[in-house]
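In the two complexes below, chain A is the common chain; its partner is chain B in one and chain C in the other.
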Partner chain A sequence: MTVLDERRAVEQRLRPRQTGPRRRDRSIRGWVRRGGLVTLLFALPMILVFTVYSWWPILQSIWMSFQKTNLITYQFVGLDNFVNVLSDPLLGRAVVNTLYFALLALVFGFPLPILMAVLMSEVKRMKGLYSALAYLPVIVPPVVAVLLWKFFYSASPTGVFNTILGVLGIPPQPWIQDATQAMPSLVLEATWAAAGGSIIIYLAALLAVPPELYDAAEVDGASIWRKIWHVTLPQLRGVIFVMLILQVIATAQVFLEPYLFTGGGPNNATVTVLLLIYRYAFENSLGGKYGEATALSVMLALFLAAASFLYFKATEKWSTD
Partner chain B sequence: MSITIKLPRPRLRTRRSLDATTEPDVERGILSPHDRRRTPVRVGQVISHIVLMGGLLVVGLGPLLWLAKSAISTTQDTIQYPLQFWPSGIDWANLEQAWVDVEVGKYFFNTIALALGQWVIGLVIATTGAYVLSILRPAYARVLQGAILATLFVPSVVLLVPLFITVARPAFGPSLLNNYLGVWLPTAANAFNILIVKRFFDSLPQEVFEAARTDGAGTVRMFWSIVLPMSRPILGVVSVFIVIASLKDYLWPKLVLTVPDVQPLGVRLPNIQSQTELDVTLAALAIATIIPVVLFLAFQRLILRGAGLGGAVKG
Partner chain C sequence: MKSPTKVIAIAAAFATVASLAACSTGGSADGKIELRVATFPPGADQAAYDAFATQEAQFEKKYPNIDIIGVEYEWEGPTFTAQLAAGSLPDVFTVPFTDAKTLLENGQLADVTEEIKALGYEDKFNPIILDAVKDSKGHLFGFPRQAYALGLQYNRQLFEQAGLDPDSPPTTWDQVREYAKQISEKTGKAGYATMTQNNTGGWQLTAQAASRGGFLQSDDGTTSTIANDGVKATLQYFHDLRWDDNSMGDNFLLDWGSINQEFAAGNIGMYTSGSDLYTALVRDFSLDPAVYGLTTIPMEDGGKVLGGGDIAVLPPSLDADTKAAAVKWVDWYYMQKLLNKDAAVADAKALSDSGQAVGTPVLPVLDQATYEESLTWIEPYVNVPRDQMQGFIDGIFEQTPVGEPKSHTQEIYALLDPIVQAVLTDRNADIDALLAQADKDAQALIGG
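Now for the complex of A and B:
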């Protein structure tokens, strides 16, 4: 076989793939021959899984929020579920508690990872060790973390945290057994569990800051603080905005901490919206109030969608200023 | 016809940040070499090192070391002197009691089975899906991608009840309650994993696929012999994401797996805590922490890179 033959053979093989003058075979057989069937077979697992376990449940949630159901029979009840949820005396409490949790989480947990990341990014030696230590709490399964901290929060004078406070001369605290201290205690644990992930993300973002900007700032005589304020933070702005909204969305759905630490108590001080949803659906002795649970889920989701939309509109303006 | 071209493994290149984390030659940060020579800065650096390292050791490692110590201490010791550095006697029996009497051993293997299945199914869906969206690109790929991306914006809370009903009473087929498929399949519908694999596939050189097609490689062959071998870095990252998510999950397995015999250790722990003596409970907690911590120590770089990548994709 000469080189020319070989070349012709290759061209021959390429031809059907080119959209040349040859008419595209639009029949099913042509589609199969072009690889359409194999492609569809590759797409099928994804399509099936998403249809059954993602797209369909999303649509179903809208439909279900207007139904009364015991999972066997469904009955359209109009806005009854929404009315029932909105007239639940616990709802107001749950909303306030959730907002309180989100606010405390922002105050405790939002600036800290940024500060830590900025300090850690200036470490030259043992960078990996710092990141690993910071990330360790994220690896611990949340159930283990909560049960462990539950013991740490023991109200007795020999509880772990109370012993530490005792060393500092502070009297023992009731922690999660007290209505006013319960929520901050939950936030403290949640911050410990989540901060490492944020630190790693900020560290990655810090490495993306162009060093020329610092050089330029120094030429203009900027001090270290001014470099942080005028170069580092503005460069992190995009990540900070996104992390902020992600944190709000996550804290609005807080469930595990109140469920396992306090079960919503003491005196309903830690009932959150998601705990309420869970109770409607899965902890109801009279059979699951699935309709009410879904109605509340839909309202929470709509609220979050509206909040993030407004947030992105607002920050869009700031970012372009 | 076999394809034996040795391909250079492409580096993950989604953003600069990612390159920077793997390359040590970042010249400088906020402090310039000149800054670093000034005495007040040096002192400040030393102080911040000590505070950072001390704080991270106490806050990050402290609770785990405490757990390890308490798992082999007596209840008496742990309750009366929780911060005593050295236990008055080592109580190895805790671990054995937890493993055998409280049946932690059984739940431990349930955890592993659950994670392995989730890993395999999750990986299959993420890679085949990304292959269709990134490389095969049929006419419907755009619509499909839009529909998958859209699920990222739906908070998971909306899905809780309808998804539970879908699993408990499917439109056809048996109920998936107390069946591991009821956990594996819904968690495989993860748009984030598909998205990051797709981003990686997008960065692979197109010429290789054209060359493979010319050599007569079919769709399946190209996936198995070219795309997957070239994608080892991202497969590692996604594997770690899936397995760690599986080990951390609580609410969903708790809802789907109602019979204790099939529950993973994480779901079982609150019950164990309420029914068992403290030292045995702490031993069970320690056992539940072992797998994730060992995984973390083994795949530390991969996990930390993946965590940073999560930010890059979200940002």
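Now for the complex of A and C:
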């Protein structure tokens, strides 16, 4: 077969496509022949699991937000649950507390992993050891970590942190026993617990930064800080944007820390939106405020979905350039 | 269909469907009625299970067609409704007096009027206690099985270390304050503590206010009276012990479990809780029995002692056979030991043989005479240090008991938690303003 023959054969095979799409076989057999059945069978386990454990409960929750129920009897109440939630004086407090937590986590917790990842990427020796150390807190089960920190936060002068402060000449602090200090204390632990995961992601992203850019910057006489500012951070911004929205979504749903550390106290200083949802559903479950709980959940989900959408729209260009 | 991908896909789909189907299969006994009954809270020691196994064998010998399956159980509002809806509650379990009325009004408990009548001891119950399980039509929804009064728990070892006589516990609130200060100064531990979280802050505030003659609601439960002198005095008392005397330690986020834990660890001198607490303190919190002390809560200005208790109940969904078996179990396990000498002795012996508490002070759910007689039956098996509880045993029948607030009890307690926390964590907390707001919120709950 000459080269020309071969080329002709290839053209022959390609011809049907070049001459326009063939009429699609819409029958079930056609679908099966195209591999639709196999695809469906592969996806079936996940579809079933998601349907049973995610989508169906989500739909039920939305439906429940319009009902008054104790899980045995159900009564449609329209928007009553939403009205009840919005007129609850504790809602404002919970929203403010959640925003406060998110703000503190953003200001202190967000830049820290970026900074640490950049610094760690500059380290030449024992990189793996630093990565492992940074990731270690993530391995500790969250509940265990909180209970450990609760012990560290003992307000007694002999508490772990207060002993350390004592060495530095700082008087003992009340930590979570005080309405003003409780929330920053929660953020401190949350940052410690979550930073490791973020650091690993940033470290991976840093590997993708082309070394030529640094070389070029060096030729131009850039200092290390200018290299970070003009090369590293712009190269990381796609990842930073995704991490930022993930953090905002996560902090808007903060529950574990206030639930385990303080139960929302002292004097509601750490009641968050999710803790309020929990309280609606479970604190006085005898009558059942499941309707209010799901109503607030639906509102929170809608808010987060809208915020995420706007965020991605606003940063679409910036993050993909 | 020869490609391996198709085979894998079908196998995966089949496995998923099969595993989902497996979730819904249930077991059944061979001709026996399986009865799932509540035993202990998670964390109980092995000895408790040994005692239960003995009792289970005794019961099954008497009723060979019933197979008893002990289930770990702890009353928790959060999980109760979900368990009830999901059908995963035991067939026999217990609920506190506080919640019984709401549950029966919601149709969440089985009607056992006929069964109690057939057993013939309806008239023996203390009528005030029986009222907690009765609906507006006089139907009964459970068996009151145990009642307690609030008492002042104290650590004898800390008393001794502070130079106090553990056999002469305080009898007035002023003395409690004085002793607390002494304990804190001498030992560095919290002289006095109170619960603040998960509705228990409200519960204990209610109890201590009642001892000062302050009650949260009118007798019929239709009007909130939270901003009364007893409640104010109690909060002021907390404030003074915390900020003036510094005798309440440094942990103000405590609930029933965590305060017990701190007490068992020797970090708390005194606190108020149920008179039957000793059993749980030793069984679940590893308290050294030698350090335990219990006396009555001091009474002032027409004060009353807050009581409580629990009720053995059945879910409404049981079929007739299981319900009949469940009633037999309730009668045998909970009630006969209150009524019948042989049953009381057998129960006490089984508990005592496995090192479980026998003789913890309670309030009678039946008439007082039956209760006192039952104590003489089990006397040889009493193994709790009743001499360390003498203050309570001698004083309790001189106090007037009062029930918990009738309307929206747990929600009202939840309203009061942050107030107790505020007083203990903020020196400048405005007690009057906090109470005025709570009163308004409580009235909205009661009226709404």
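Everything that follows uses one rule, which is that the second predicted complex is superposed on the first by the 270 of 321 C-alpha atoms of A that agree within 3 Å, B and C clash if a C-alpha of one lies under 4 Å from a C-alpha of the other, contacts with A are read in each partner's own complex, and residues count from 1 in each chain.
Criterion: a residue touches a chain if its C-beta (ideal position, glycine included) is under 8 Å from a C-beta of that chain, and two chains touch if they have at least 3 such contacts.
It should be emphasised that the depicted structure is a prediction, and the values quoted were computed from it without experimental measurement.
**Student:** Using the superposition on chain A described above, determine whether A:Ala155 touches chain B (first), chain C (second), both, or neither.
**Tutor:** Touch status of A:Ala155: second partner only.
**Student:** Name the contact category of A:Pro45: first (chain B only), second (chain C only), both, or neither.
**Tutor:** Both partners, chain B and chain C.
**Student:** On the A-aligned overlay, A:Leu133 touches which partner chain: chain B = first, chain C = second, or both, or neither?
**Tutor:** Once the two structures are laid over each other on A, A:Leu133 reaches chain B alone.
**Student:** Tell me which partner A:Ile176 touches in the superposition: chain B (first), chain C (second), both or neither.
**Tutor:** second
**Student:** Would you check which partner chain A:Leu71 touches, where first means chain B only, second means chain C only, and both and neither mean what they say?
**Tutor:** both
**Student:** Mind working out whether A:Gly92 is in touch with chain B, chain C, both or neither, as first, second, both or neither?
**Tutor:** neither
**Student:** Is A:Phe282 in contact with chain B, with chain C, with both, or with neither (first, second, both, neither)?
**Tutor:** A:Phe282: touches chain B and chain C.
**Student:** Is A:Asn268 in contact with chain B, with chain C, with both, or with neither (first, second, both, neither)?
**Tutor:** A:Asn268 contacts chain C only, not chain B.
**Student:** Where on chain A do the contacts from chain B and from chain C line up?
**Tutor:** 38, 42, 45, 49, 52, 71, 156, 281-282
**Student:** In the complex, go through chain B and note every residue touching chain A.
**Tutor:** Where chain B meets chain A, its residues are 15-18, 20-21, 26-32, 34-35, 41, 45, 48-49, 52-53, 56-57, 59-61, 63-64, 66-67, 79-83, 124-125, 128-129, 131-132, 136, 138, 144, 147-148, 151, 153-170, 185-186, 188-189, 191, 194, 213-214, 216, 218-220, 223, 244, 247-248, 250-251, 255, 266-267, 269-270, 273, 278, 281-282, 285, 288-289, 292-293, 295-296, 300-301, 303-304, 307-312, 314-315.
**Student:** Show me the residue ranges of chain C that touch chain A in the complex, using the header's touch definition.
**Tutor:** Touch list, chain C to chain A: 3, 5-6, 8-10, 12-13, 15-17, 20, 77-82, 84-85, 99, 102-103, 106-108, 196-199, 249-253, 255, 408, 410-411, 414, 417-419, 421-422, 424-426, 429.
**Student:** Can you tell me which positions in chain A touch chain C when the two form their complex?
**Tutor:** So the residues of chain A touching chain C come out as 37-38, 41-42, 44-45, 48-49, 52, 70-73, 154-156, 174, 176-179, 261-263, 265-268, 279, 281-288.
**Student:** Help me check something: in the complex, which residues belonging to chain A touch chain B?
**Tutor:** 10, 13-14, 17, 35-36, 38-40, 42-43, 45-47, 49-50, 52-58, 60-61, 64, 71, 116, 118-123, 128, 130-145, 147-152, 156, 158-160, 163-164, 192, 196-197, 200-209, 211, 214-215, 218, 224, 227-228, 231-232, 238-239, 242-243, 246, 249, 252-253, 255-256, 260, 274, 277-278, 281-282, 290, 293-294, 297-298, 300-301, 304-305
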